[in-house]
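Listed after this line are the structures, all set down as structure tokens.
Here come two complexes built around subunit A, the first alongside subunit B, the second alongside subunit C.
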Partner chain A sequence: MPAPAKPRLAVWKFASCDGCQLTMLNLEDELVALADRLEIANFREASSAVVAGPYDLSLVEGSITTPEDAERIREVRAQSRVLVTIGACATAGGIQALRNFAHLDDFRRAVYAHPEFIETLATSTPIADHVIVDGELRGCPISPRQLRELFSAFLGHRSPDLPTESVCAECKRRGNVCVVVARGIPCLGPVTQTGCGALCPSYHRGCYGCFGPQGSPNLPSMLDHLTALGMTPPEVTRVFRTFNAAAPAFRAAADRASGLSGAP
Partner chain B sequence: MTERTIRVDYLARVEGEGAFRLRMTGGRVEEAELRIFEPPRFFEAFLKGRSYAEAPDITARICGICPVAYQMSSTQAMERALGLRVDPALKDLRRLLYCGEWIESHALHIYLLHAPDFLGYPDAIRLAKDHPEAVARGLALKKAGNAVLETLGGRSVHPINVRVGGFYRVPTREEMDRLRSVLSGALAEAEETVRFVSGFPFPPVEEDYEFVALTSPDEYPLGEGTVTSSAGFTVPPERFEEVFEESQVPYSHALQSHRRKAGAYLVGPLARYALNHDRLTPRVRQAARDAGLPPVVRNPDQSIVVRALEVLYAVEEGLRLAEAYRVPPRPAVEMPDPVPAAEGVGITEAPRGMLYHRYRLGEGGIIQEARIVAPTSQNQARIEEDLRHLAERTPDLDEARLTSALEHAIRNHDPCISCATHFLKLDLVRQ
Partner chain C sequence: MDAGSEGSQVLRREEFPRLFSALEDAGYQVVGPTVRDGAIVYDRLHGVDDLPRGWTDRQGPGRYRLERRGDDALFGYNVGPFTWKKFLFPPRERLFTVQREGGSFTVVPEPVEAPLTAFLGVRACELAGLAVTDRVFQGGPVVDPGYAARRSRVLLVAVQCGQAGGNCFCASMRTGPSVSGGADLVLTEILGPGPHRFLVRAGSPRGAEVLSPLNLPPAPEEDERTVGELLDRTTRSMGREMDPTGLRDLLRETLQHPRWEEVARRCLSCTNCTLVCPTCFCSTHEEVPDLSEEKVERWRRWDSCFNLGFTELHGAPVRASGRSRYRQWLTHKLGTWHDQFGTSGCIGCGRCITWCPVGIDLTEEVAALRVPVAPAGPPGRTA
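Now for the complex of A and B:
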């Protein structure tokens, strides 16, 4: 009996920093073994050999910021059995989604030599705004541990175990002393999805929300708490407008905070 | 005369989305264009209005391959603006962190992106079928670099522990001891890497580069120095924009740098090595001699050997810093309160070459203006010259061979397209 064909993997890039793709190459201990189980069929950053689709698993990094990319993601979807978005750009529009909040005239007035050479959309949007997505890995960047889990689950024909609880739960399990309680440091842990390993509190720093909002964040309470810790409304607005600025819950939090500041 | 056009629409094994097109008539190259089509993300536009303290985390997102470089240049610019003097012990920790990024980024490029060109494979996975020990060595080195980044930075991509003035938390003695043993184990792998890549075939070619890199009196440059050119001048970082300028070309989303009234120049490993050879350690200089390398290397293919020498340097330097480590009394220096209006410049050596940041801050430390010049935009024009010379030197190559030779020539300079594309201002197109 012939060996069953290896599932085909494709890795795609849209507007992004390449860090989430790099996370795959950072699986130093598993990379070669992984290539035994999966055919790396289309991964431009790693290989100049490209096998035509369809693909069994497509990992998509980056957000949609140009008319061409809005078209290209449909082609990617059409060739992919399972499509998983990786990282904050793909799942929430990324840092480049800050353009979504800019006064468009300010950008227009910005000085550029030859704007006619460049074509971009006014917004940066997540992949799920354009095509159906089968799964997502959060984070700016994604966690290597969750990427490993995604591959194991895919190869084992099961759903990946990707908790949607808050960073606080993981932080407690790590035995960290709470940075808010012990040091009065503002921390987005209560409203941010876990997955990073509660990294920032482990380094005596408040969480800055790079995994985006958790399943059921209590944002009004969070906003009150940040204010009580001494943050001004513009500071609260900015803290929600970073790497997951266009994620609906964070967007709402920033809008509410900026309303408090009296800004438009 | 016959006209030939060679094009590759999506370069593989580089970071980001690039292409090139070369048009020849007879044996003469009419156009050599490195086209960067990665969509711009407008960092300089949205840095306006953010706090000075946010610049290290925000600019790190320009590049997932060299986030530490962005954190180092931005913190240095802010510290200069605010007149802060960072404790020497904290500077040493930053240098160690930077060594980690050099090791990781260079090992990635040497083994996973560049070596397949020399050995005739499409990627490292297929290279590993025939040379498993080489790929294993590359991955082990890369992992050692990542161990440095994870210990000091919290994670290897977009570290979370760097701030203006220092760190959020400094490593414990035990954490540093573990790192010391990792680095000490990596020394032999780094030396073997120099031997491995120096055995690759290098056709005898020399390019007439103007090299530009940081130099400082007593160390190989990572985190600071003055800007030095092989054309025979040195300027302080504050005068960078007087000497170098950027311009826009229609076929690319990246600006191209030139030296004013001079032309294209090269930053990166070849430039650093040529301008700082005597500040390498005896072990690295000996490895260079054993590899048959002169103190100035003008053969672009041999950049892979110089990169390997820099890995060896970074491992040795990292080990020295880890061994000398004493837990500093404080993780960061105090910030001024209130933060005054100010302006500052920072230049550090990213794995791919000099990375320039300049910020103008208003009252309260809010960024009014940001200017960033990445190494790949500085090298873009010089890479095009390499392509032109290569095609004119080898007019008889068939199309497939010439195409792969040109791709190899681009990879010689490890272009990071994500870095090069971040800065164009927005032109809105409504659908």
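Now for the complex of A and C:
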């Protein structure tokens, strides 16, 4: 009897910087073990040799910003048994979702010598706004540990262990002294999902919210807190308008801080 | 035990290194307070110079600042962001490894590293906290082997507080500031009048053994009086108070109090209060397989009742609202803890107040819960 075929993996890129795909390449030695268990069938960041679909697992990086991509993601979905979005762009629209809160034409004219050649959507939207998504890895970029956990869960036919707790929990486990309480540094840790290993607070910086909103974020209280630390409404708006600007909870927080809406 | 070690003895400040050496000579590695990253943390100490000499901590709700004292006190602060719990119940701990072997598997237990360790600078409230975790981890029919092994190798060197912090309320919880038991050695720092010195007494045969080679002189009666006055002053200067009477009943009877909704509006569900608490003991497990699936490790990590995943059953959390989670934490800590472990889970250290980013103060919450609510609306329509 022939050995059962290895599950086929595809990695797709939409509007993104490739950093999350690089996280996969950075698994280095473990990639060899992974290649023993999975057929890396379509991963252009790593190889131009492409095996046609369908695929058992598709990892999707990037957001939807063009009409072509809005169509292409449907094709990807149709060829994929399990589709997992990776990174802030794919899960929340990414930094490019800042266009959602401004006028696209202003950007187009400011950036391009020939704006007439640029055809793009007015918004940057997460993959889940377009197709059904089976799972997501947050982060800008994603965490290698969580990526590894995703592969291992997929291969073991189990749910991945991806906690939705706050960054604070990881800070406390690491033994970091809280930068907010001990130094008065604004930090998005209390409303941000864990996964990075509390990287920035470990270097005495406040959390920038790369992993998006935690499982049960209390943004109204967070806004009061940031204001009490001395941040102005434009500053508060700005800290929520970064990599996860279009994540609903962060978007509502920024809107509320900038006076756009009554309550998140 | 000789007569001298039964009462207090005097250790002059300049002789403090001798106590440190005595601990090391007796085989103990010393962990205790040291300044790091703007706070006084508990870490491995390599000598007296690692102690936070001349530093104090100023604490308020959601606020902690290190400040210089006007003297050279070695223990002139209260409590920091971390607790002794982390040495006994590590934040992340591998419990065992399962190795595939052909069609079968073997379980490789994790060796427990339990070096002889002296905890130097344990506060009275923290001794009460250790008594609580002792009960939780090794006081019942199921004993946590890692905790028990490490705990059995620990020598507790307590230091009674010469001042209270802004969020301290051990006097309310009857856990301090004086040490009544549970320590192997008990120190009190006297900054004056007279020379900078410590009163030391042994609280156990092990403590007496460490102390005996030092041949310290017995303490004069006036020093004992000075210590008494110092502790009285500390008791009177508690930054917070919480009436502990009837707390168990109060929390049972106020489950529908509107205050829970009010505090939930401020609570960030960030888990800080639980992870800085000396008695919170919740954990979760994770299986970490390697990609070849030849071996899998089981790890335990600190968890918190403020996490949604903590009560997730069949894909949804039982305690979905911030209100239900805060209420669960406080009713357990101050109420049902009595039913479960025969004591309060709160030792009055105030860490949950200090390290809550938005400064939620449980003493204030309890006071608010004591205010009766006028009954409103028909039965079944509670807030």
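Here, the second predicted complex is superposed on the first by the 248 of 264 C-alpha atoms of A that agree within 3 Å, B and C clash if a C-alpha of one lies under 4 Å from a C-alpha of the other, contacts with A are read in each partner's own complex, and residues count from 1 in each chain.
The working rule: a residue touches a chain if its C-beta (ideal position, glycine included) is under 8 Å from a C-beta of that chain, and two chains touch if they have at least 3 such contacts.
Just so you know, these numbers come straight off a predicted model, no measurement behind them.
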Practice task
Could you classify subunit B and subunit C on subunit A, in the superposed arrangement, as clash or fit?
Solution key: fit
Practice task
Identify the partner contact of A:His204: answer first if only subunit B is touched, second if only subunit C is, both if each is, neither if none is.
Solution key: both
Practice task
With the two complexes superposed on chain A, say which partner A:Thr227 touches: subunit B (first), subunit C (second), both, or neither.
Solution key: neither
Problem - First (subunit B), second (subunit C), both or neither touched by A:Gln79 - result: neither
Exercise for the section: Check the residue A:Ser216 against both partner chains and state whether it touches subunit B (first), subunit C (second), both, or neither. Expected result: second
Exercise for the section: Have a look at where A:Lys13 lands relative to subunit B and subunit C in the superposition and call it first, second, both or neither. Expected result: first
Exercise for the section: Go through the superposed model and pick first if A:Asn100 touches only subunit B, second if only subunit C, both, or neither. Expected result: neither
Handout entry: Partner chain(s) touched by A:Thr120 [first = subunit B, second = subunit C, both, neither]
Key = first
Handout entry: Partner chain in contact with A:Lys172 - subunit B first, subunit C second, else both or neither
Key = second
Completion exercise
To the nearest 10 degrees, subunit B and subunit C lie apart, as seen from the C-alpha centre of subunit A, by 110
Handout entry: Broader residue contact with subunit A after superposition on the shared chain, subunit B or subunit C
Key = B
Completion exercise
Overlaying both structures gives a minimum C-alpha distance between subunit B and subunit C, in Å, of 10
Handout entry: Shared contact residues on subunit A - subunit B and subunit C
Key = 204
Fill in the blank from the handout: Contacts from subunit C onto subunit A in the complex sit at residues 36-39, 41, 62-66, 81-82, 86, 91-92, 265-272, 275-276, 286-293, 301-302, 304, 307-309, 320, 322, 325, 354-355, 357-358
Completion exercise
Residue positions on subunit A within touch of subunit C in the complex are 30, 33-34, 36-37, 148-149, 151-152, 155-156, 161, 163-166, 168-169, 172-178, 180-184, 187, 189-191, 204, 214-218, 220-222, 224-225
Practice task
Within their complex, state which residues of subunit B touch subunit A.
Solution key: 10-17, 38-43, 45-46, 50-51, 54, 57-58, 61-65, 67, 108, 112-113, 116, 122-126, 128, 132, 135-136, 139-140, 142-143, 146, 154-158, 160-161, 167-169, 247-251, 253, 331, 407, 418, 424-431
Exercise for the section: Would you mind writing out the residues of subunit A in touch with subunit B in their complex? Expected result: 13-23, 25-26, 28-29, 31-32, 35, 40, 44-50, 65-67, 69-70, 94-96, 98-99, 102, 104, 107-108, 110-122, 124, 140-141, 196, 199-200, 202-205, 208, 210, 235, 238, 242-243
